[in-house]
Amino acid sequence: MTTLTSQVNLQKPPRKSLLSLLGWGLFLVILAWSWQGAEMNPAQLWKDAGNMAEFAADFFPPDFTDWRLYLHEMIITIQIAVWGTVLAVIAGIPLGILSSANIVPWWINQPVRRLMDALRSINEMVFAMLFVVAVGLGPFAGTLALFLGTTGVLAKLFAEAVESIDPGPVEGVRATGASALQEVIFGVIPQVMPLWISYVLYRFESNVRSATVVGMVGAGGIGVLLWEAIRGFQFGQSAAILLIIIVAVSVIDMISQRLRRFFI
Amino acid sequence: MTTLTSQVNLQKPPRKSLLSLLGWGLFLVILAWSWQGAEMNPAQLWKDAGNMAEFAADFFPPDFTDWRLYLHEMIITIQIAVWGTVLAVIAGIPLGILSSANIVPWWINQPVRRLMDALRSINEMVFAMLFVVAVGLGPFAGTLALFLGTTGVLAKLFAEAVESIDPGPVEGVRATGASALQEVIFGVIPQVMPLWISYVLYRFESNVRSATVVGMVGAGGIGVLLWEAIRGFQFGQSAAILLIIIVAVSVIDMISQRLRRFFI
Amino acid sequence: QDKQEINFGIISTESSQNLRQLWDPFLADMSKKTGYEIKAFFAPDYAGIIQGMRFDKVDIAWYGNKSAMEAVDRANGEVIYQTVDKDGKPGYWSLLIAHKDSPINNVEDMIKNAKNLNFGNGDPNSTSGFLVPGYYVFAQNNLDPNKIFKRTVNANHEINALSVANKQVDVATNNTESLDRLKVSNPEKAAQIKEIWRSPLIASDPIVWRKNLPEEVKTKVTEFFDTYGDKPEELAVLNGLSWAKFKPSSNDQLLPIRQLELFKQRNQVAADGKLSEADKQAQLKKLDEDLEKLAASLKALEAKQS
Amino acid sequence: MASAIQVQNLSKTFGSKQVLFNMELNVPKGAMVALIGASGSGKSTLLRHLSGLASADRTNGGTIHALGQQIQGNGHLSRDVRRIRSDIGYIFQQFNLVGRLSVLQNVLLGCLGRMSRLRGTLGLFNAEEKERALHALERVGLLEHAYRRASTLSGGQQQRVAIARTLCQQAEIILADEPIASLDPESARNVMDALADINKKDGKTVIVTLHQVDYAVKYCKHAVALKNGKKHFDGPISGLTNHFLNDLYGAELGTSLLFSDHQADKEERHEPMFRQVERKVA
Amino acid sequence: MASAIQVQNLSKTFGSKQVLFNMELNVPKGAMVALIGASGSGKSTLLRHLSGLASADRTNGGTIHALGQQIQGNGHLSRDVRRIRSDIGYIFQQFNLVGRLSVLQNVLLGCLGRMSRLRGTLGLFNAEEKERALHALERVGLLEHAYRRASTLSGGQQQRVAIARTLCQQAEIILADEPIASLDPESARNVMDALADINKKDGKTVIVTLHQVDYAVKYCKHAVALKNGKKHFDGPISGLTNHFLNDLYGAELGTSLLFSDHQADKEERHEPMFRQVERKVA
């Protein structure tokens, strides 16, 4: 093989590699600094691993005596999560698109993103109390609190899916003279559909599995039962409840996979 | 314009549209059924909206007297979240790839997915206690509990990003005779990078903002402070803490946007 | 081996919160006087602390009555001291509250109108929000709060108080400490609330250690609790936590709570439709025996004290 | 003759790399122009600017008019660029289909610019529009695939769907970026015939980039050649001599880049039916 | 002569649509074969099977051997298909570059099959491999773009990167799916020259699908034509008469699909240097 005949400048742009080197350095420093704060001490973990086994053994055998109650509360949680999630999807789609840097100009997407940040940051407890004073204790207040928190999360995830689409098809739609909204509906949405579905079902699932906020406002739900079982040191019952939740989550996960395959 | 000259069968495959009709019907039934369970009553929301305004007014003005403490706890939470998330990413990448239906056969991805479902389903409180008995109370136990829960979430989200990639580049790599692992590293990872980054930072953010599990094992953290402030009806302080969390989340969100732009 | 540090678990209890600004000077003094490094863990919930104590990861803890009972039963703990209110109150009380404009003024009114009332019950694990009113108001009148009211919901003290003030529920459980906090931070809301029932006294919070602490540690810790508060600056620290000097106590402090717990269990068994009659009778018999034993020891205790 | 496309002093820079230099272009209404040039010479970039999909440099970026209306000036798109776009059909080099929609839906998207906002947004296409789309599909020979997902088509089939979408759009101007790159000779001939047809019969203006100069010679009367982002040639197709092409594409002299070389080298034999399009006066 | 590719009774069905029917093919080592056929006739699908990127039907799916080793049989890929693939370069119709990697990294991926597993997995390419990649880039005229992100290249540039990747792979067999579709005539000539060159000088086997029959005629001695998923022709290039092509692509008779028609119709004038490749005995 001969040497290269053309004499072109082949230096890799140094700016980028220097920047990324700096970035990694900073990251390592943060890691080391956090090692202190988190009091990391992996050796401990092995030393007393026996305790863990002993503690975990308390969870067996699961105690299904009250399974009827668990199932009932599971269903209530699911019902509340359904509406909390559906409302959040309805609000999250437009808000997500308005937070996407590749669809709207920065003076729209930045304020909307900050608003979504706030929705996510504000503790569900606060939202729950806010709605309790308006609609009273009960599932409805829990649903509304779930709705606001979930909207913040979905809008963010939706937006980041939109930001990583292939711009080609959108341009294809744009070139026909379509309006901005039409570009989104025909060029963006079909591309992000599978991801969006997985986000929605992920949030639905996480609403189903914890939904502590729902318990706080007196709506019951499986999360509260679990919490009480744990606090009451009823580990056999806790294990039973956990198994029910695991089954519910697995079913939702499998539905999610099916649904997405339908759209991919 | 003339009528079509070719006589081809133009019937839309009826199976699919019927299926989707059925699906929508089912969905509506679920919505209606859940309406009962969630005791939805939107009218109420308007009726007593005044209460909400009144309650919200309690949060003003925010009371920043103890801001030093808040900041300190915020930093501790961030440090714990850093390690909880980093460990989860390290475990989540291989597990996520092993849960991707388009990369590994079903008899690998299904068991792994179920395992991840279990990790997500099991309450963080349970994990926290599991680790407390081994490593004692404190941030380390919280970090480990966060790690397991976050791994379950990240593996799922990672997998669903992988499942929606463009298969072209992967085939491009495959055709060079690359091994399966090399296909993933050079064909899959570059494509999913922006999404993965957004997931990691999303989970980091949500670990920072709540991290209740961290509080439960006595590691402190901003979540506990907020909880105590709300329980003490110290709404001015709650507002101050919330503002600090909002700022932290917004900063993380902006970093997330930058980082992803670097990779898109 | 030599113990260098003491792990001190602090949880929010029914009657107080774990505001760490107030704890810091106390912990510093404790470290100075015992010579051990005190590692404090503030947790919003007791489950983790109790498991920690069970596996020797927590040495001393400040609990509420209910959680202290769990620690004694499950984590090899022992009640050694009791906090004392700085104003001399011997403990706190469980309450039923209603809106000040409500026609309901006492328990009889409430029971009479129960069909039309929304009731805000407490968290089922709460002593003052659930256990105490459940025993004195409902169980002793042979009533089931889940059945007699138009609607019953469970929430924590804070949400219950606000709901009553906003007329979202008609009657709710609460306790004196939570209501006092509301009076300080939000007097207008607190002014909307009236008390319609007050429970017998609930003892103030116990301090618990694990029984298998080395003797040397036990000695030093006892010495500290015995003497702390003798000096005015120490008393000031305790006052900051709303306390006066500690008072020695023992597991016996928990007997009334045990009684309530057992009674609750008895009601549950009696109401359980799934148990066979024979099983039920056997269990009830056992519970009744336990209750009797408890009552006897309580009697003995009162006799000793008086 | 009225201008369909008028470009004045267009410059475009990506990062630090300028790819279009003070481009001037004037395409009269009803013309059929071949845009040729080596790979990377800026053909696609130029077309993208014509339809307002890319905007020029902010300083000295030049202006572009289509059908007498301004599309962009100095890097700023006009307010009503979307309306003007419905009169400019665009066939993308990479097809730019929406892979998850059916073939028919992709073609129907071509109607969006010409229907009421609301109806378009809801995707309620009427019978006439569906008929139009099916006709367009028939014209490119894909009627039987109307209900397949666009992403499962072969390369050439996808390209033809993109063409059908543009046909369905019934635009005044058609910008075609290598519309026959992935087509077999017969499909290529069909597509070029179709473009020539709507150019001749319906009087639409067509600008088509072509790598196969033979097709340019066969179908276009006018050619514009780009080289390194600058206009290198703008005149009757007969100007594309073998010598010129070798220069344009940077081949060694003497190489024949035309298969129909018996034609290109004997431009004097061309019939005068090649309408001479006036060259733009800068 | 030894076979480079041997296909026996290959059938492929997508859903309910069969696109390859009992295909038989035998390509001797060192041949340069043009694969032609109308859009949708199954060319890409056939190539994908040759390199084991697609697997045939499970029943009666046939077998494929490359360089004497079995790639797949009855829809099951061989265990060591990955190893064999490193000897089969593939240029995809849609390029299939990894858009977020740099041009050079994309080309270096071609080395993966020939380096130690570990080194490849970690992406530690050595100086010699880098040199090889740069040479490949130079050969396709993209050296100066080595460090740009692949996704920002123009269509033709991307296609050339894909070609460079295959050059870098130094495979025994090269499957090129329309490698010149998006290229200007000079680049196309360069690429075809390069393919012809490694075919002639290095004795590599080349199978190239081409829509521009002119190039097939100019560069290949042998042609295989597909029609509707069946082999329609397999013989010396001289068999591609205008009449045959019209039949193959379904054009009306009398249409000239070749620009170099003065050649194709006079096959008797072809020199006997077109090596006659024995046709596969089924």
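Should a chain be cited, it is by its letter among A, B, C, D and E, assigned in written order, with residues numbered from 1 in that chain.
Here is the rule we go by: a contact is a pair of C-beta atoms (placed from the backbone, for glycine too) under 8 Å apart; a residue touches a chain by one contact, two chains touch by 3 or more.
Note that this is a predicted model, so its numbers are computed, not measured.
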The angle in degrees, nearest 5, through which chain D must rotate for its Cα atoms to match chain E is 180
Greatest number of touching C-beta pairs links chains A-B
Cα centroid separation, chain D vs chain E, in Å, comes to 29
Chain A and chain D have mean C-alpha positions lying a whole-number Å distance apart equal to 44
Note: chain E sits from chain C at a C-alpha centroid distance in Å of 80
Averaging C-alpha coordinates per chain, one finds the centres of chain A and chain B separated by a number of Å equal to 3
Residues in chain A with touches to at least two other chains are numbered 48, 51, 54-55, 129, 133, 136, 138, 230, 264
Shared-interface residues of chain D (touching two or more other chains) are 94
Flagged in chain C as touching 2+ other chains are 45, 47, 51, 55, 156, 158, 162, 166
Per the touch rule, the chain B residues reaching chain A in their complex are 30-31, 33-41, 44-45, 47-49, 51-52, 54-56, 75-76, 78-80, 82-84, 86, 101, 113-114, 117-118, 120-123, 125-126, 129-131, 133-136, 138-140, 142-144, 153, 156-157, 160-161, 163-164, 166, 194-195, 198, 202, 205-206, 209-210, 223, 226-227, 230, 238, 242, 245-246, 248-250, 253, 256-257, 260-261, 264
The residues of chain C that touch chain B in their complex are 7, 9, 12, 17-21, 39, 41-45, 47-49, 51-52, 54-55, 57-58, 156-158, 162, 166, 181-182, 184-186
The residues of chain E that touch chain B in their complex are 51, 53, 82-90, 92, 94-101, 105, 109-114, 117, 120-121, 123, 162, 165, 169
In the complex, the residues of chain B that touch chain E are 168-169, 171-182, 185-187, 190-191, 193, 263-264
Chain A partner, complex, touching residues on chain C are 45-47, 50-51, 55, 70, 74, 118, 120, 124-125, 151, 153-156, 158-159, 162-163, 166, 168-169, 274
